[in-house]
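For reference, the structures are reproduced in the following blocks.
Here come two complexes built around subunit A, the first alongside subunit B, the second alongside subunit C.
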Partner chain A sequence: MEEMPEKIEIRQKFPSWREMLKPVKEFEEGRLSYISLPKQVDSEFFKMPFGDVERDFDDLKLPENWKEIFLDALKETLEKNRSFKLFMDICVRCGACADKCHYYIGTGDPKNMPVARAELLRSIYRRYFTPAGKLFGEWAGARELTEDVLKELYYYFNQCSLCRRCSLFCPYGIDTAEIVWWVRRILSRIGLNQRFMTISIEASSRTGNHLGLLPGGMYGAIQQGLEELKDYTGLDLHTYINKKGADVLFVAPSADYFATPHWYVMLGYLLLFNELEEKYGLTITWSTYASEGGNFGTFHSYEAAQLLNSKIYKEAERLGVSFIIGGECGHMWRDKHQFINTMNQPPKHEEWKKFWENPDLGELAEGLRGIRFDNYASGEHGWIHILEFVAALLEHKKITVDKSRNDKWIATYHDPCNVARGMGLIEEPRYVLRNVMNHFYDMPEHTIKDKTYCCGAGGGMLADELMDLRMRGVMPRMMAVRHVYRKYGVNILLTPCAIDKAQFPPALEYWKIPIEVGGPMEMVGNALVMTAFGEKPEDRQFDLRGEPLREEEGEEGE
Partner chain B sequence: MIGVIFGVIVPYIAVAIFVVGVVYRIVNWANSPVPLKIPTTGGQQKSLPFIKRTVYDHFDSPYTWWETAGRMLLEIFLFRSLLKNTRYYLDRVSQKDARWLWLFGILFHYSLLLVLIRHSRFFLDPVPSFVEQLSDIESFKGVFIPSVYISGLAIVVALFLLWFRRIFLSRERTLSLPSDHFALILLLAITISGNLMRYFFKADLFAVKELLMSLMSFNISHAVEVAETIEPIFYVHFALASFLLAYFPFSKLMHAGGVLFSPTRNMPNDNRARRHVNPWDPGDVPLLAKGITVAGRTYKSKKLDWDTYYEMYKDQLQEIEEADYKIVPEEL
Partner chain C sequence: MVPDSQKNMDRKKVVEWWVDKLLVNYPVKPVFEVVSFLQEAAEKIVDGALSLYEGKEADLSDAVDDVMRFLATDRNFGPGDSIRLFCDLRDFMADELNLRTEERLKFAKTFEEIIFTAFDAYMVCREKIFELRLKEKEANLEIMRKIMDYASRSLSSQD
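Let's look at the complex of A and B:
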C-alpha cells in the first residue's frame, strides 16, 4: 500500500446549493475507477453497447448521440421500476441519510452524502422529466446533462458500495444503492463501465466464476485443501464435484478456492461435509459450472446479474440435487436471497419438488430428521445459508464441537451489509459463534447488525486504484474494531463475506490494528470433532491455519 | 372582486389541479412495475424456529402481510426510521442521539393533522362531535378566552425549527434546494396568516363556512355573494392555501402519498418462501442472451449453458468424469 499516505485528512466542505449543481472538475487520486477495456465489455460472452472502443477518463469517446441514448435509458428505467421512479420523486432532502454513508464520513466530500449522490441524477431527472425543472431550471434544482456532468456521474456513482445503510435511516426507505445500481446500468448503455467489476463479470460469464478458473484449476484447488487437511488432522477426506445424484449442491464465492484468509473457511466447509457424509450419508457436491456464488453482475445491472446467476438453478437441475447451500459471502446473498428466483425460473425436477414438499433433512439422511426449512424457505427458492445450516446442526446436536479448540481466539463479528440489510441474517452467525468458541464480543451496537458499517470495498469498490476511497471508507468500521480490540483484547475479526476478507487485512494494517481476519466457518472447522472418523476432542493438534492448537509449554516465555 | 377571484375561481382551480395531480401521480406510481422484491431488512429475518426474533424484528424485517402492514403503520405514524437516527462523530465511537429531526418532524406533522381535523368544521355540517371534542381538549377549553389552539401555534414553532435546521446546520444547508425552503416558507405563511386571523384580525367565520359549503355544493351564485362580504385578511390565508394545494402534486410534498409505495418498506422479507415475478422479465432466458438494443443495434451475449461449457472445457471435464466426480488428496 505504498500509494496510501501515512496520514489522511478529512476535509469537510459545505458548498452552497448552486455549487452542488455544478459538476466537479477535479477528481481525487484513489477515488476514480478505471473504465472498462474492450476485452471486458466486448467479449463474446459479455457484450455491452459501444464496448468495442478503448476509453479513458480524459477522452470518453462517447457515441455521437450519447445524450439521447442516456435520456432514453433514463426514461426506460423510470417506466420499468417503481422504486427508481418513486425515489426520484419523494426525497424531502431531510438529511437523515447524509452522515450514514461510510464514504461520506471518510472523505468529507459533500457529493458522497447519499442524498447528494442521488441528487446528481435527480437534477437531470428534473430538467428533462418534470414540469418544474423544465420551467424553472436551476431554481428548481435542475441542470443540463453535459459531458462534465456525465463524468461526475461516473465518478460518484462508482463511489458507492451498495451497502444500503442510507436506506435504513431514510423515512421513506429511499435506497440510494438501488438508484446507483440503475444509474450504472444507464451509463453502461453509452459505453461507460467500471473496469474492476466487468473483469470479473466477463470472466464469470465465460468460465462460470470471477477468477476465470477452469474446471481443472478448481479441482486442483480443492484437492490441495484436502491435502492440507490431511496434514492438519491426519484424516483421509474426500469431496465431490459435478456429481449427479448428490443430495445438495454447494456454491461458494470463488475467492474461497485460493485467497487468504478465505482458504481457512474452505477447509472448514470440507471438514463439515465429510463429517456429515460419513455420519449421516448426506452427500454434498461442488460444481465447476456453478462455481461462483458471488455475482459482480449485481454491482453493474439487472441484466449482468441475471447473466451470471442464471447458471446455478440450471446446474441444480442437471445434477438433480434437492436443495442448494450457499457459502460465506455478502453480496452473493443479496443476489441469492432477493434476486435469483425472480431473475430465473426455479428448478422443477423431481428430486427438488419432492424434497420441498416435505423439507426435512431426514428425507435425505435419516439421522438428520427434525431439521426442517419450511419455516421460511420453499421450493420456489431453495437456498440455505451455510451458517443457518450449521446453526440447525448445532441446535439439533447433530455435530459435536469442542469449543476449547478456539480458545486462542478472542473474536468479534462483522455483519456484511448485504447479509444484514438485504436478508436479515443476524442472529444465526452469532448463534454459531457462541457455540463453537468461548470468547466472542460484539462491537458497539450502532455499528453492527442492521446498522453495520460497510467494509468500504463492496459494490465493485475493491479495485486497487480506489485505495484512498477504500481506506477512508473503512474507517468507521475500523474505529469500532479498535474499540473492542482495546476493550476485550479481540484478536480476530470474523466475517462471512469474501470481499470483507480481502479488504480487512490491508485495512487493519493501514489503521494499525494488529489482529487477524477470518470467517465463522473456520471457527466451526476448528471446533468440529470428526466423530465419524473416530476423532476425539483432544486429538486435533493443529488449527486450520496449520498452527499448533495449544501453545507448547515453555515456549511462551521465549 | 377580490372575493370572487380568491374566494371562488382560484380555489376551484387549485382543487382541480390538486385532485388531478395527486391522482395522476399515485396512479402512475401504482402502475409502475416492481421488478424485484428488495425490502431493506432492519432486523432478524424469520428463519429457523430456535432463532429468536424480538418484537422489533417482526416489524423491521417483516415476513407476513400483517407484519409488513405494521411496519408501514409505524413508519407513517411514528416515523420509525427517523427514530433510529444517529449522528456520526469523527472523534469517538460512542454515539450521541440526534433525534431532533424526528421530534421536529413529529411535532410538525401531528400539529398539521390536528389543524386539518379542526378545519373540517368549515366543510362539514353538522360538525362531527369528535372534532369538537378534540378542539376542546387541545385548547384546554375555558382556560383562555378566546380559546388558544395549541396545534396552531405548535405548527409554526415546528416549521421554524425545521427551517432553522436548513439554515444553521451546515450539511442541511448544503443539501437544501430553493424548493425546500420554499415549501417551509409557504407553510409558514399559511400558518402564520391563519393564526393572525384567529387572534388579531378577526374574520367572519360563519361567512367563511357558508362560502365553503356553497363552494362544495357548487352553489356558485351564492358563493359569489358571500365571498364579497368576507374580510381581506381571510383571502391572504385562503389564497396561500389554494396555492399550496396546486403546488402539492408537483413537489416533494407528494411524499405523503409516496411513503405508501416505497418498495424497500412495503414488501415482506419472504423472498425464500414466495417467488416474486418481474412483470417485464419472465426469467426464462437471460435478457443479455436475448440481446439488448441500443440506438438501433442489438448486443447479444453468448449464453454459457452447460453444453457450451462442456464443449469449451471438454478435456478437463472428462478428467473429472474419469475420477468419478470425486476429489481425494493426491498420493504423494
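Let's look at the complex of A and C:
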C-alpha cells in the first residue's frame, strides 16, 4: 500500500477566471488561420460584407462601426436561436468538456478547452446583454469588446473542428460547435473570414464543387475511372451523368474525383452502380451541377451553408430522381442530416413524393423489394448514406462478395465525427467491413463510435498554415491507431470522410505509423463479385489500386 | 560495475517527474494515449542514459525522436526550451543517483550524446512540418494537373 503523503497540496494550474478574461497578445504561427482575400469573399458568386478589403492580422482594417455591427449580429443570433441563448446562460464551468477536446489535448492551451473557448464569447454576452455584467463588469465575468478581444475570438474560434466531442460529455448538452459556428458568422459580418474555408465556398458557389471543377473535368475524371476499371477487372462499364429520369442521384465529395486515396473509393462506387443496374435495373446518375456533397458553408455561416446545399434538391427535382445517395464524406452528413431540410424545400416532383410514401426499393427495382428506407439513420430527408445502403444490400443478400480479395489488408476504422456523432451511423460501416474483409479490428472503445477522436482537420482546419495545430490535434487519434498497429498489425486505416483521407496521410507520416489510408467503399469494390457481368470470385486479378490481389501466390509462383 | 546508489534510483519517480515536466503547460493532464506515448519514450531514455553511463551500447534515436515529435509542435516550448528539458532530466537523474562531482561529470558527458541527438531530432521534426506543407501543395498541383488533363481528354473524345 502506498504511503499517505504528510500534506495534501492542491495546486491550481488553470488560470483564474479573471485572468482568462485578458485577451492573449501573442498569436502563434502554426495555429493562426490566414484571413480571406477579396477574391474569395467579394466574388461575383460569393460576397461577404466588407469583403473587398485585403486584410492582415496585424491590421484588420475593420469598418468604422464594427463594434455596433458585431453586437447587432450577436443580438440577432440570441433572439433567433433559443439554443444559442441557452448555451450562453447555462454553463456552470464544471470542466467536463475540458480534456475531451483534441485541440486542448494536443496543445495544452487553456483557452482551447471548449468551456474556455465559449467563455471568450460569453464574457462579451454578459457585458452587453445581462444586467449583472453591465453593472459589475469583470467581477461578473464580463469584458469589453475591443480589437484585441476580436483578434482573440478569430484566433480561438478558428482552432475548433466543430467535431462536437465536447458536447457529448457536457451534462447540459451545450453544443460548442454551434457556438463556434455562430461566432464565425458574426465575425464574417465585419469582414473577418477564414481563408481556407472561403476558398472552397467560393469555388462551390461558382462551379458546384469545392475543387472548382467544371463539367468537363468531372466528366473526364469519371471516364478515367471507368478506363482504369477496365484494366483492373476486364469489364466494360459505364455510368450516367446528368441523366434525366434516373432512379437515384449520387452525390460524392469532389475530392473523390481526383485526390488519393479518395480515388479508389470512387472506383468502388462505379463498380457497385454497374452491378446494381445490370442485375436489378436500378439507374444511378451523377450530376455536374450537384457535384459536391461536402459543404464548407457549414463551418462558416448559415447563409453560406444554405447557398451551397440548395443546388442538390434542385438538381434532384430537375432530374426527376426518387432519392439521393450520398458518398463517403463527413461534414456532408451533418449538413444533409441536420441542416438541409430546414434551409431548403425538399423536391416536390411526383417520382420523389411517390417513392417516399412507400420507400421500398422494390418500387424502383423489383429485385430489391424488401429494402425499405423508413428507419434509416441517414434516410430522413431523402438521402441515403452509401454505407447504410451497402449494409442493406449485404443484409438482404442482394450483392455477392468475396472477402478473401481483401486478405492483404488488416484494417481499422475511424468514425468521422459528423457521421458517428452527427448522424448516429456507427454499426453499419462496421457491418459492411466485417462482411467484405476477413481482418478488421476496432481501436479502443473510448476512441471510437460516438466518442470518436477527431482527425484534427475538419471544420476548415485542413489549411496548410495550421499544420502544427493539425499534427497536435490528431495526436490522440494517432496514438489509438498506433495501438492497433502494434497489437494486430493493422496496415490500413479506413474512413468514410474526404477530409480524414486528406489529413491522415501526413499525420501518419509525422507520428511514424507506416500504414495506408483508404475508404470502406474501396474494400467493397475489391470484394464485390460482378455476377451480373459473369464475373466469378477467382476472376479478379487486381485490386482498385491496380496491385495484384494475391501478391504472395504470385511471388511463390514465380 | 554499477554502484549501489544507482541500482536504487527510483526509475518510476524519474520518469514521472520528467513526463510532468514535458506536460507542464497542460492545466489538466491530457488523455492517457498522450501521456503513455511520452512515458514509453521517457522510460527508454532513462534506461538508455543509465546504459550509456555503464559503458553499454544504447540506441535512443527513436525514443528521443518520439519526444521531439511532441515538443517540436508544442508552440509553448521554443527549441532552447525543448533541449533544456533534456538537461533538466540529466541533472535530476544525477541527483537521484547521488553522484559525486567526478561521477556527475562523467554522467553529464555520456548524456551529451542524448542531447545532441535531441537537437538533431528537433530540427528534423520542424523540417518535417514544412515538408508536409509542401507535399500538400504538391498534391494540390497534381490535382489541378489531372483536372486539366482529364478535361482536355473528355473534350477531345467528344470531337
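FYI, the second predicted complex is superposed on the first by the 533 of 558 C-alpha atoms of A that agree within 3 Å, B and C clash if a C-alpha of one lies under 4 Å from a C-alpha of the other, contacts with A are read in each partner's own complex, and residues count from 1 in each chain.
To be clear about the criterion, a residue touches a chain if its C-beta (ideal position, glycine included) is under 8 Å from a C-beta of that chain, and two chains touch if they have at least 3 such contacts.
Quantities reported herein were computed from a predicted structural model and do not represent experimental measurements.
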Contacts of A:238 with subunit B and subunit C, given as first, second, both or neither: first
Partner chain in contact with A:455 - subunit B first, subunit C second, else both or neither: neither
Partner chain(s) touched by A:105 [first = subunit B, second = subunit C, both, neither]: both
Touching partner for A:506 - first (subunit B), second (subunit C), both, neither: second
Touching partner for A:479 - first (subunit B), second (subunit C), both, neither: both
Subunit B versus subunit C as contact partner of A:211, first or second or both or neither: second
Contacts of A:365 with subunit B and subunit C, given as first, second, both or neither: neither
First (subunit B), second (subunit C), both or neither touched by A:431: first
Which of subunit B and subunit C A:258 touches, first, second, both or neither: second
Overlap of the subunit B and subunit C footprints on subunit A, listed as residue numbers: 14-15, 95, 98-99, 105, 110, 113, 214, 216, 219, 223, 447, 476, 479-480, 482-483
Subunit C - residues contacting subunit A, complex: 23, 25-31, 33-34, 36-37, 65-66, 69-70, 73-76, 128-130, 132-133, 135-137, 139, 143, 146-155, 157
List of subunit A residues in touch with subunit C within their complex: 13-15, 28-31, 95, 98-99, 104-110, 113, 211, 213-214, 216-217, 219-221, 223-224, 258-260, 447, 464-465, 467-468, 471-472, 475-476, 479-480, 482-483, 506, 509-512
Contacting residues of subunit B [partner subunit A, same complex]: 25, 28-29, 32-38, 40-52, 57, 60-61, 63, 75, 79, 81-82, 84-88, 90, 93-95, 101, 105, 165, 169-180, 250-252, 254-255, 258-259, 261-265, 269-278, 280-284, 286-289, 292, 294-295, 297, 299-306, 309, 313, 316-317, 319-321, 323, 325-330, 332
